Every structure is written in structure tokens, then in C-alpha cells.
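Shared between the two complexes below is chain A, which has chain B as its partner in the first and chain C in the second.
Moving on, here comes the complex of A and B:
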């Protein structure tokens, strides 16, 4: 019997209706985010961007500037290293305190009552607060309390990354094989014994590898924090941006990309090194010590470079400074005019994050297909390079460029989010596509379906849940980024925060930060619910 | 094998934690720490300060160091927290510093020019000729804490019946006066406002294309910038500093470069009362409570 080949998409009407509904919902959101694609092709804006980009060549390379650039690169490296070190010092006690794996009550009845679970909850809430406030906001606050320069960035990284590391360390410890630890606890060993000899040996490699990954992220974050005056490459970038010096910007971007590549290669090397050590026992002792020694030397050198004066930070002067600062911060202001401003800022920030993420998904899909090797090897290499480039440049740095193309306002912020997140999503989408079971699509093709339909009905259903999950996860990150976009002129809550801080209305600033936190938490919840529904 | 590696990794971590505890301590230096609100690019500020710093070092007999800063409010906070001893402040940042130090900050001297300071409204749009034409346009102020780049222009706009947040399409803060010019010249903002002294300097040095960007109005005069010291500085040092500034004379060849870089004909004594009208304007414009 011959199969009747129907070339039409059988779900066409349904899909069209859904798309139209989505467009109707997108319209008001796009309006709030100031979406205006026409601005991108306006001759005046095109002239600005092309003259700006034309200024990139030749790269600035006079010896004075290169000296500044070299210093800034070293400072950025040092900020990331010391920041990660301090984050570890914060994260380790938090993670150990909040992991259930070391709970005596969990393995049997205990007379100690309720305070330990309660302590775990308190520590978890603290972790949430630390990582809930974007590092850029911490940096802005520390710039005020401790003065400008790298110290503010180091402390901001320490807090946010301390919270992040604590959360992930806790998860690693919770999901690690608990049997050795339980056996030690059950045999009457102390919790410290259980931790050192039961839990840590099982989880050490994973903990170490995640820390190295975070250091890599810290490097990018260190650059971004410079944009609010916390030293390093970002601060240099900010100055060149304000002066509109294309050659300098191009040199800084090049240095930054090289730095990211270097960090990428280094962390890859470390991970491979650890994997090899497992195979070849001969050098393992040496390697363990060598890794520790190199890391310690790097930290020491970084510490010296930054000259972080802990005495001044935690001396009695600083204590009274912080106390005064906190007194002015609390209680948060809540007069009607401020709330109205916060409300419209929050809506603008939310719209920016939605439009940015949606555009990023489009960019991601468009690039994922060639990046997964579906249109040949040349296209694959080429798109992978583009994806890496998009991903390597942080959102805020993209924003300084997109405000040229789209003018000041939230649309520039959404575009910046779309460019960076598009790079991230494109790679994740492509990987999902490559790892998806090929059977369904192959079967459809073999039975004569055209390539496009075979993809839509064979491959897409396999990867769609994963794609959506990745997209929602990036939305959670983007709402936090959208909240700080205003620091570079892209509207929303960030601009409001910067304004209120400049005018020393700290109780107002506190309300804005609370709104940022609340918005991020709401988006986290919505995204979690959506993912559960799909999963 | 696996556990072996882990044990060594742990030892490595321990070594690394130990080594990082052995950290150097830093000693305090006896010096005068000076900063300035970053109303221009920080590299430009450092260039402007270098000869003045050398001169002050000689006059007060103490090393003088410049602390570069990229945030206006950061300078005010640093002065209040005694992390710097002297700062070049704008009228509004001086009022903020005065309020944050409980009225103890002392304004030392100002340039003769600062007694009659103005701001210039600029645009590259031929259709903009007066305040009324700004409605529905994007507008760039300098820093939110700037006197000549935000407070006074806002005050005069409001006197003319314009509320920036309501009447402009977008209100942006470029962060600095030279950045505002770059915003307007590039079309990122339809119009903007900046300090008259910086505008004149950019025009003189040919850094702005006046066939494209033009001034369409200038504000009435007000008191602006001064050199302020923190209130608990040794009075002997304060006196030396004030005398050093007042002694500066552009006809003296040794002082010529300093005065040219500071864009000053001479320095004159100043007092807190000079800035009362700025404080009132800040209240009227809703920038102070």
C-alpha cells in the first residue's frame, strides 16, 4: 500500500493560532521595553554605529595606554582570584552548616531538638540573600562605603559568589554518597570526622572543579564591576566609552577576549589534569601539592597586587561607617511617589528581561542549527566562533554598544541581553540537538518526509523541553541583569538605584534593592513552576 | 586511586588555605590625600592635578597624593569617612558633603570664575532653539550629583515650567561633562547640558565639531566649585593650604601652568554661605529633602 504523502503541516492551524496569541501578548511587553527595530536601520543611528566601529581601527597601542591596559588586566585577574578566595571562605562554613548530609537527626532519633534544622534554614536564607543581590549592586554599595577601586569589587564578588558557591557546595554535599559519612556518625565519630573523612573525599573533585569554573565567571564579573568604578578592565572601558575612543575600546575588548580565552583554557587544563591524575597514580601526590601551591601563589600575588587592607575594612572606623550607612538604609522608604517610580521601573525591567530572553531564543535557534553541524562543517566552525564571541562579551559591555545603535532606553538593554544570552543559548541548544536520539527524525526522513518537517516532528519534540528549560533558566539570570542595565543608561530599576544613591537617599535606594530582590524571586518561582509543568 | 587523588587535592587545598593566611599588613603613610569629583575623564583630572600637587607638596611640606575616583557620591562619602583630606567639589556635592559631615567640612577657596558660573544647553538638532522645543526629546544630564550638569539646569528648566521626567522622552545621565558632549554629538541624546567652562575648553581645543553641536541657551549665573577640606584637619595645615592657593598668580611664570590647567585667573576665599542658594535650589528641584 502506498502512503499518501501530505506535504502540509498537520498542526498548522493550531500552531498559527498559538503564534498569534503569543504575538498579542508580546505587543504590550514590547511597547514597555521600547522595542523599535526601525531605530536600528535609521540612517542617523547607522552613521553613529559605523563611525564608532570604524574608529576601532587602528587599535590603540601607544606605550602609555598599553601600560594602563596591562595594569588593568592584572588587576582584573587579581580581583577575580582574591574575590573567589574570599567567597570560598564564606561558602565553606555556610555549606557545611546548611547541608543535611551531616545531620545527626537525619540518620536516627536525636535528643537535640529543633535548633539544628532551624539553623540550617537561617543559613539557607542568608545564602539566598547573598546571591539574590547582583554583584554589581554590592559593588556599587561597597564603592560608597569603602571607597573606589578593586577592594569594592573583591568584596562584592566575595558576597555574591560566596552565596552561589555555598548553594552549589551544599547541593554537591547533599547529593554525594552519604554512606561513608553516615557510617562514621553511626559509629560515634564526631561531625567533623564525618565531614573530613566521610563526605569531603567523595565530593572533593567536584567541589574543586566547580570552584575553578566560578573563578572563570568571576573574571567576567570583575570586568563588569569596573563599569561602576571598581577598578580593572571595566573601569578603563568605562572611561574610553565615555570619551568615545574607538581605538582604545577595541584594544580593551581584544585584551578582554584574550583573557577570557586564557581563563577558559586554564580551567580546561586543570580539569583534564585532575582527570589524568586519577588514571596515573604516579604523579598524583606531586600534582595535589603542586595545584595547591600554584593556587596559593596566585592568591598571594593577587592579594599583594590589590593591596586589600583588611585592617581598614574591619577596624573600628569601618565598623562605625557601616553602622551609619545601615542606619540610613533602614527602614526602606515607601512614599507614594517612590513606589510609583519603583513600579514603573520594575515593569520596564521585567519587559526588558522578557524581550531580551525571547530575542535571545530566536538568535539561539537560528545559530544552533548550523552550530550542530546541520549545514556542513564550515558553517559549524563559523557559527561556533560567532556563538563564542557573543557569549564572551558580558551583557553590560554589549549594552554600552547597543545604546549607540538603539538610543538610550530599555530597548538597548534588551538587545544587549539578546546578544550575550543568544550566544549562551545557541551553544546549549546545539548541544541538546547533537545529543538528542536521532531515531525519530531519521525514520521520518526515510519514510519520505521533507527535511524541514522531519526536523519539526522528529528532532524538535525531542529537544523542545530541554530548550525551554534552558531558556527559562536564562530568564532567571536575565531578570537580574536587566535590573542593573540602568547603570549604563538602559532605564529600569538600575537607573533609579543609581540616581537615588547619587542623591544619598539611601532609604529610597534600599527600597529599590528590595524591589530588585523581590522581582528576581518572583521570576525564579514562575520559572520553576513552568519547568515543573513541562517536566 | 580516586581517593588518593582526593586526599592529595585536599592537602593541596589545605596548603593553599594556609599560605593565603600569611598575608602582608599595610602601614599608614603621613600624607595629604586629595581627590576631585570626576566631572571629566579621570585621566584628564590626573593630568590637571599633577603640577598643582607638586606645588602644594612644596608649600605644606608633606607628600600630596591624588586619589582618582569615578563616582561623585564616592568623593563625598570618602571625605565624610575621612579617607581623603581635601577634595575639589561642585556646589551641590559641597552641600552634600556639608550635610554628611554635620556641617564641619570647610570650603577653602574657589576660582574667581566660580562666583559667576553658568551651564550651557547644547544640541545637534536644528529644530531645537529654546526650552519649549525640548518636549518629547531625549535629554542628557551629566552626573545626577553634578551642580552645573544636573541640579542648576534642572532648577532653571523647572522655573521655565518643564519637568524632565514628564516632558522629556528619555532622561539619561552621561556621568560627566565631556561624556554629555559625546552623547549629543553622536546623536545618542537630542540635547544635553554641561558646565560652561568644560564646553569652552572643548571648543578651544577643537575637540567638538561646532558646525554640528551648538549652544542654544546659557543659564543665569550661580556659585559653583570649591576646594573643601574635612573639618578635623590640623588647622595649621588648613591655613597653609589656603595661603598656598591664594598666593597663586598667573603672571608668575612658575604658576602659569597650574592656573592654566585649573582654568583659573586667581583663587579667592570662599565661605559656606556662598552655597545657600544652591542648597535652596536643590530643595526646590527635589534633589534634597
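Moving on, here comes the complex of A and C:
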């Protein structure tokens, strides 16, 4: 009896149960997500995709189209720049107001009472709300309200990125060295003094670096928002897509990839530059002024290019416009039929994100092994290129293509998620593999284990926790992406939102947006719990 | 398994000593201890014998085959008959002791069995027997990161016991154990080799352990063999000149448990 108990693997029952649970859940999830690999090889779909891709060559290069393309690229750059600028204007007061580093109450008893900490909490909640709604949802909303064009994209970027910047700025300020600021506050200096002379000097470089990085992200987001009619490259792409003009799409994609590469390089250069100039006092001042001047000129030029009329937004008629808009938007509708639709949309979105992330993990693993240099240098270079390509094209752009290959519906969305996320995960997995200690795997090979098994027994256990953490983290992003995937016909909550907004039923749209927010928050919690359990 | 090496050289470069021409014949079933000061080339010699390191020049024959002349499949099958005990056992921190032990036989198990064993350990009884011999049977289902450095070193030995290879190479196999446990564990390794007729070659820092447990002693110094005698013939003078003017070094790095840093998912690019 004793022997028997010692011989039983205590983890066996749990493993069997978990495997069975996964298998039992896989079918319904796949069913809801409309997984249908057969659709990919259906002759009709194949014909559509192949004729579409065949049209890619030759690239469209007539002077009229190139003129349009050039305009669109400039507009995209301008949207990203002005959007980031406005986001900064929103983020700075939010971050300064909500950081605990400038708290007067934190240095001792103060006469100001309770309202300041309460204000901090309110500002934090506002930040959460701003960044919780994807910029694409804002963009879709603003396109409906203000009409087609770049203004919607700029405002959408300003709101979502304002929230994101505020959160990260707050974190940077909170984690910076607080002693200089505290000393100034304790000596009777104002909060502004403490900020300018105590806090900013220690945190400025990091704040600036993150802003540049966000600008780079904004550029990609600006392209994607164009797909719902908010100007720039994306809008041009949407038009070419509807005209089914492969050559134009290929040109746009090429321009987009070049733009992303350019932004990537520029942002990397700027951030390295800032890191280097931190040491030398004189150059630092000169560089700082030069950088500020260039940035200011870029913002000014972008502003003029877009012709954003903030006056109209905050003018005397605007107040009543916004009030009317808010009245239609609030309170959210909650009739039973709508709630049922939202429920099934949420389930579909969840299933799409799960299937997409699972497929992405498979793609990532398959590409990470060669990308980590395990099958020779040629394969490494080649797979790295493929990974970069997969990663550079945003999910929503992939979705416009997968919708052709797999038909309208959630499966196309899952495939699009899998393609983009597969590129991201492949790179992260490969980096983890390259950094993992190689000794365990090498030892197994030396005792005659076949390569594949040496990997499974020696290398996989070393990287598995990281791989899992990366995958869960991407799932959190994918649930948000899956929610907007419906804008291009890939099912879920996004499709419902698109539909309700097309009918100008703003109160219904508000409910759908609330559901998106709630779903994303739930997934964040589940993912955090899973990560803690498996970490 | 018998071994024959001649004129074996390993050149790492100017600043790192390697091997400067080693000749050594070891018959099947012999038990040999390699002793010598730090940096003498003990580990290099063992790594060469374990086909982990390709010599710069010279001849090496393991069980009558030259490992660098044969096909990959043949090399793999040769390697599956060589077991190595590492000074710092290379075990993934999250792997369970039972899996780490069973991994010793990946070279001879069919692929399906190895794959299945990742989920459901295929030979719990075998792993338990091997662990029992190093007094770790109660750690069978623990994770490696729950074990101390000395326990991990014994798991490494249990893996080789489970592998039951024809040639056992042990590089400082008991460096992380206290003296009495070290002696006991070394005795287990020696008994295993004697009972199965396997060849055992161990590098040791503790000279008295080497003299007590091994019939043949090879002294290595500056990449060459200083002496090669039966343990009973090793004199005080031999040892003195072997360890003479040993530079005072902090000592070879002990078997420390390598902990890989956990990487959190925060701080990643998010688009």
C-alpha cells in the first residue's frame, strides 16, 4: 500500500483533468470562433485570394496615384505627430495630478485635508477609462460625429494615448527618486517648484524617451484608423481594397512598411542620442535646444497639414454639439435583445482572441526555433525577415486580407490575430531561447539524446515560464484587438458596434463599448492570476 | 568500455591552459581518479573523453571507435553509452526530479516513450531505485529548484546511475557534499561501475578520497600527465610535486545552483 502510494505521480490526476478540460473546451471555442480550415483551401476562396495577390504585381506607380500616396504618407505622419502632441497635453496634467511623488500630505500633516488624495483617485480612474477604450473605437465614433478625415484620428489618438501616457508618466514619476522633490516641498516650496527643480531633472530623459516610443506606435495606429475612414494611408488602403486594386494595395503596403522602418530607426536613433547626451553638460544643453526646436517645427508643420480646427471643437456652437452627442450616447441602452446580442458578441470575441492567440503561439514556436539560429545562419536570417514582416503589418490590415481567404466571420479575425501576434511571439520566443542557459540541453545531447528530445527535456523547461508569460500578455492585447476586428467584418463585438454606429444608435453603441471594456478587464485579471500561478 | 588516447592536444589560446600532449590507456572496467591542481587540465581531459570537446590534434579512441571519424548516428549511439556527472549539474530549475532522472535514458528510449514521459513519467520505479541509491527517494516528485546544491549534485549522479552507461565520466562529482556524504556517494558510484563492469573516470579535488576509493591514480599538471600509478604506489613526494607552488587561487567555482532570472511580462513593447 505504502509502495503503491509512493509510486503514483501526485501530479498525474491534475494533469489528466487539465488536459481533458482543455480538450472539452477546445471544441466549443473553436466552434464559436468559426474555425474552418477547409475554407482556406476552398477553390472559390483560393481563386479570390490568388487573383488578389496576383494583382500585387506590378506595383501601382502612375504619377497620380503616387501623388495620392505621398499625400497620405504625409497625412499619416502629421496625424501621429499632432495626436501625440495633444495626448501630451492631456497626459501631463493627469500625470502630475495623480502622482504621489508631489504629494504634500506624504511629507507630513497638512492643512489641505482629504480632497487631494481623492482627486488623485478620480484622475487615476479617468486615466483608466481613457486608455481602456481602443483608439480605433474612438476613431469610429468620431468619424460618425465629425465626418471622414484625419480629425477623427487625431482626437482618437489624443484620448487613448493621453490615457496611456498619463499612466506610464505617473509610473515613471512615482518610481523616480523622490528625495529632491520632497526636500523642496518640506522647505516650503510650491508643488510647481518641486516638479520643475526636484522631479523633472531626474525623470525627464525617461519621460521623453517614452514619448518618442509612443509616437512610433501612434504612426502604426494612424494607419489602422484610416481603415475606418479617419484619413491617411489607411483610408487610401480602404478605398483600394474596396476597388480590389492589388497593385495599389501592394504600393500602399510597401509605403507603410518603409514608413514603419523609418519610424523605428528614427525613434531608436533619438532614444540612443538622448541616452548618450545625458552625460556631457554642454552638448546636452545644445542638443536639448536643437531637439526641442525640431520637434516644435515638426508639430507646427503637422498641425498646418491637417488643418485641425480646434476652434470649431471648442467654439460657441461646439458646446451644444457635444452636449447633444453626450445626451444621445448616455445612458447606455440595456434592453434584453441588445444584451443578448452583446452577450453572444462577447463570447465570439473571447473565442476569437483565444483561437488567435493559440494559433499565434504555434506560429511563434515554429518560427522561433530557426530564428534562434538552431538550423543554421541562412534559416535564421530568413525567418527573422518573415517574423519582421508578420509583425510590421497590423492585425487589422491582415484582417482585410484574411477576410478574403476565409470569408467574413470570426475565423478571419482569429487568423489575422495569429499572423501579427505570431510574428511578435516568434521574436520574443527566439530571444528567450537565445538567452536561456544552454547547459541542460547540451548535457542531454552529450548523453546521446536526439536533438528534438534534448530540446524538449533541456531547453523547453528553461524557457517555458517566459514563453507562457509572453503568450498571456499578448492574449491581453488580443482581446482588445479581437473586439475591434469586427470593423472589417471579422465578427464579435466590433461588428455589433460598427452596425449600431452605422444606424446612429449611440446609446446602444455605448453599451457595446462598456462590454468591450468589461471583457478586457476580466481577461486582464484572469491572465494575471494564471501568470501568478504558473510563475 | 576501453579508452586509448595519444598525443592529445587542446589549444584554447595563449591565456588559457589546455592539454599539451596526453597519452593514456584505460582498460574496460577500470576505475581511475584524476587529480591535480586547479587549471591543470582535468576538466578538459574529461570533456574530450566525453566527446564534448574536439581535440586540436592527437588521437582518441573510445570503445575502439574514433568519435570524430564516425557518422552522426553512430556518434549519438556512442554518446548514449557515455554518462557524465557534471560538477554543476545542468538541470532545468522547473523540471521535476523524476523527469530529470529519467532523461538519462533519452538516448536509448524510443521517441514515443520519451515524449509520453514528459506528461506521464514512464519509469517511476526505475527513477526511484536510482534516487534511493543516493538517498533522495523522498524528493522524487519535487521540482529541481526546491533542492539544495548538494541534493542537485546527487540527482545528477542518480541520472547517470539510471542511464547505466558503459563509461562514466565524473567531474568533481561530490564537490558540493559534506565529507561523509561525499565518501558514501563516491562509494555508490564505484560500486555501480564495479558491479556492471563499467569504466569509471573521476576528477577529484579531495586526494584522500581518490586514494581510498580508486585503484589507479593519474596526476595531471600543466596539461600533461605527471604520474600514472596504482593508488598504493602514490607517494607523499608525488603529491607534493604535483601540487607544488600551486598559485593561491580562490578555488574552482563550487557546484552552485544556477537560478535563471524570471522575466516578467511588463516592460515589453506593446504594439
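As a working rule, the second predicted complex is superposed on the first by the 495 of 535 C-alpha atoms of A that agree within 3 Å, B and C clash if a C-alpha of one lies under 4 Å from a C-alpha of the other, contacts with A are read in each partner's own complex, and residues count from 1 in each chain.
Everything that follows uses one rule, which is that contacts are C-beta pairs under 8 Å (C-beta built on N, C-alpha and C of every residue); 3 or more make two chains touch, one makes a residue touch a chain.
In this text the structure is predicted, and so the values were computed from the model without any measurement.
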Touched partner set for A:50, first chain B, second chain C, both or neither: neither
Which of chain B and chain C A:498 touches, first, second, both or neither: first
Contacts of A:254 with chain B and chain C, given as first, second, both or neither: neither
Touching partner for A:220 - first (chain B), second (chain C), both, neither: second
Touched partner set for A:446, first chain B, second chain C, both or neither: second
Of chain C and chain B, partner touching more chain A residues: B
Touching partner for A:428 - first (chain B), second (chain C), both, neither: second
First (chain B), second (chain C), both or neither touched by A:121: neither
Residues on chain A lying within both footprints (that of chain B and that of chain C): none
Chain A - residues contacting chain B, complex: 44-45, 47-48, 52, 85, 143-145, 147-148, 200-202, 204-205, 208, 228-229, 235, 238-239, 242-244, 274, 277-279, 281, 284-285, 287-293, 295-297, 299-300, 303-304, 307, 309-311, 317, 321, 403-404, 407-409, 489, 491, 495, 498-499, 501-505
Chain C-facing residues of chain A, complex: 6-7, 9-12, 15, 19, 213, 217, 220-221, 428, 432, 436-437, 439-440, 442-450, 452-454, 456-458, 461-462, 464-466, 469-470, 472-473, 477, 531, 535
Residues of chain C that touch chain A when the two form their complex: 50-52, 76-84, 86, 88, 90-96, 98-99, 103-104, 106-108, 111, 114-115, 118-121, 124-125, 128, 137, 140-141, 163, 165, 258, 260, 262-265, 268-271
Partner chain A, residues of chain B touching it in the complex: 1-16, 18-20, 22-26, 41-43, 67-74, 76-78, 81-83, 96, 99-100, 138, 140, 143-145, 170, 172-176, 178-179, 182, 186-189, 287-289
